[in-house]
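As written, the chain order gives the labels A, B, C and D, with residue 1 at the start of each chain.
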């Protein structure tokens, strides 16, 4: 089907490619236009503005953060003004529940639909169309988007009418990853202070058969926090959104608070640009440890 | 090789069976003698006392908790008095670092050796000889036990001379599982208060490909806390041992403290005999939720 | 000196009265006009609009929360538009650092000055001119306001040019009170579960000679949470502002997080309209305790 | 009345002096005998052994910690063996609930009585007979000790038959002080990172009229952590006893856990011998702050 697609970053580009390969007719837009070139070879049209990408009446967006989504949607010439009544905005970005609800309201006011459909998985999973897609919004709007959503991943979970539910689940997922980083950080500091070598700790960690533990455990044990795969400042931003969701839902999340405070401490200690697995350094310093000897 | 084996519970019985199948010559002891019967058919001799099980000069133990290990080792007629000088005690129990160090000291005083070799894995993994074995103790003693240890699992990680290092790693592992339970508990409460059905939450949880999340996530989403696979009181005991290890190593573990406090609250609320995944109920009640509707 | 005064609530009314008694020439405004009557008898002029209260070129405000201050200052006909260039807005409200900085910026853009001067003390202290006033803003502006500020209390602490510093200190103060409530809540739950009667606990608490402990300890021991002196929802709002200040300053405050989570849990349990000392009930329930027997 | 008195440290000496001045007939003992000399001038007899101090049939003890009390009571030649049946041991030390219960049991087995009567107040309050005394034990035993207890302070709070209740309250008191240190530490770090000078912070802190805040706030603002008035290692020991009491009573104390973890981190960072108000340094470092500029 015909759709616009805005945002060709590390996630957006492979997602758009899979949509093209599944036979959809995409009009793509990216602020840095060069990122659209590869996709043209696979059949994409290129829009010169966000508004042009809205012409098909359905537009998908995947952008960096709340600010980018807000700007792209609500600013002059943005999606809100470009989509016709009856148009549909499908948002894949990891944004907060407040913004999600506000977008739903603003689109609704213009008789447009809003579906929030954040995705689970990293760029390789996006490339392999193995994402998990979680969609919230009015049932008819989600059904309309279904052919697009099913082209993105291996599974689509459809929630209820409040799009913010999908954002909540995405944020909850990021919270669980952050919690695992915290747990490994503390366990590693305990092990080191008990005389266990980080490499031995790693051998035990593999027992859990968790891709999260495997990926981050290695970074932590080897203290390879640069270059960042995911910056600590971004991890902190996500945990802030989790806590805002918790406040909004009136559901206390003390573990999210704990992780927030340690990430904030990491930033205060100068680790903001390091990978968020540098949480391990926070726990190590709290235990009086310096960098581990090689 | 010849060895004694004390403790034929859910873990000990399949472990002893694998030792027999690997060709070792075992003398087994269990307080409830009937549990030894099956093993006799597979070639085990039966000891009538702990002391008899020490006759081979090497004895392996896997018992419920600190108290049981203390009793079996230090009481009159226990391992300490029964093992000859040069004898070896290999302890597979999940015990605290203080007791581990005390046992090493007491055995050392009698010119005996002590190896702490706790195992990772549940009864099915024990039956399949797929345990992860982590061993701490004097190098020569660990080497002496190696043929036995390698018959128990798929991997042996050898640590340094302090047996308590092995116990620390085992406790750290249990801490990581407990942390995952806490994370899922909070995320599930957030999801429920945001209008997401527990079953939908579960679908997202599978994304993590974690056996721990899969097993416990289901129990939590379906609120099947009875009968307990692992009682909350036992989980609390383990987290207490983690915190004692952290105190001993001077390594703060705020996430372990948080989990401890929630497990303690669970016990205070009457959930002590429930499965420790009832942590989900603590988080739910803290969010003002009752049992979830069916 | 001549000044406008907006907000004649429980704090504003006695503050305005003290300004009149100190000889200042006040033009007062309150949304519910009847609250101005008493002050007329003491010499106040009454303004019919916020804008009229700005006529003297200096206007003091003390309002309920961020929203009220935002509305009163930034809305059409608000202080921002009514004050002349060179005018001064002195804000006594307990507001967040983000709003404080925004007000400073907006006033600055119009060549007006903004001084943030929150006050410590409750209505009786306000009536007795015994408040502690903490002022942040450009030095010249603070000096201009000094005669007014010194009429309000027993002490004026002058900070630097960033008005948000004053709000930070005020919020830090509220955080310290909230922390004391949490400490007493936990200690009381421990005492009760150990068999100590709440009245005996109170006798010990007096040892600390702290007005905060005395006031709230009694409410907690006697479980008199209704009617609320200060609602739990308002306490939660303040702790949220503390955490926002901590985020802004990149200074982790784990104790503030803990108190936040417990207040949020209190609201989730239906205690939002109760006095915030009902934190004691949260701690009691977490310890498996019901209401204490009389 | 006639009584023995064991332990003439910073608290014990002024307490013994007040007993003498109130007309009691004391037989005192201290491991370092020279500390008894001053008291002889005021009428005390000197015992050469703990056993001699038990001769009057009533003996009061105030010692440094659990280990000292255990040694003095349970070791060969200790109080347990020296007191006659019907004898009374009044313990003023800050000890854990487990030891308190064990002492009650051991004394009971010998038909002796045990009263736990820890005191609130520091050496100057002890000297001025202004302590708060909290007593737990069998009613008849407490009544027997009353003339002694009332000579020590300005108030006696009598609890029920379980002596551990008194220890719980004493520990709860120390917990509340520790909590106040944590609160000030975090607030001070926030203030410093917001540009507020420590001296200005102090001015605001006085508003609370709390001797605890005044004493420790000054040490924190001026970073005078050496020499220690009360070492961080001792503060940590007390908080461990609080947490053990909480575990025993099945009452979660997350704020005590938080303070424990920060004190433990302080010790890990090398602050164990510093005053426990160096908690402020832990909070400062967690916020990325070094020592504050003079």
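The rule is short, and it goes like this: contacts are C-beta pairs under 8 Å (C-beta built on N, C-alpha and C of every residue); 3 or more make two chains touch, one makes a residue touch a chain.
All figures in this text were calculated on a predicted structure; none of them were measured in a lab.
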| item | value |
| --- | --- |
| Partner chains shared by chain C and chain D (touch criterion as defined above) | A, B |
| Higher-contact pair (C-beta pairs counted), B-C versus A-C | A-C |
| Distance between chain centroids, defined by C-alpha means - chain A, chain B (Å) | 37 |
| Separation of mean Cα positions, chain C and chain A [Å, integer] | 38 |
| Rounded Å distance, chain B centre to chain C centre (Cα mean) | 52 |
| Of all residues in chain B, the ones touching two or more other chains | 193, 246, 250-254, 258, 265, 268, 286-288 |
| Interface residues, chain D side, partner chain A - complex | 193, 254, 265, 268-270, 286-288 |
| Contact footprint of chain C on chain A as seen in their complex | 240, 246-247, 250-254, 257-258, 260-262, 264-265, 267-268 |
| Chain D-facing residues of chain C, complex | 97, 120-121, 132, 134, 155, 157, 159-160, 162, 164-165, 168-169, 172-173, 175-176, 179-180, 182-184, 186-187, 189-196, 200-201, 203-204, 207-213, 242, 245-246, 249-256, 258, 286-288 |
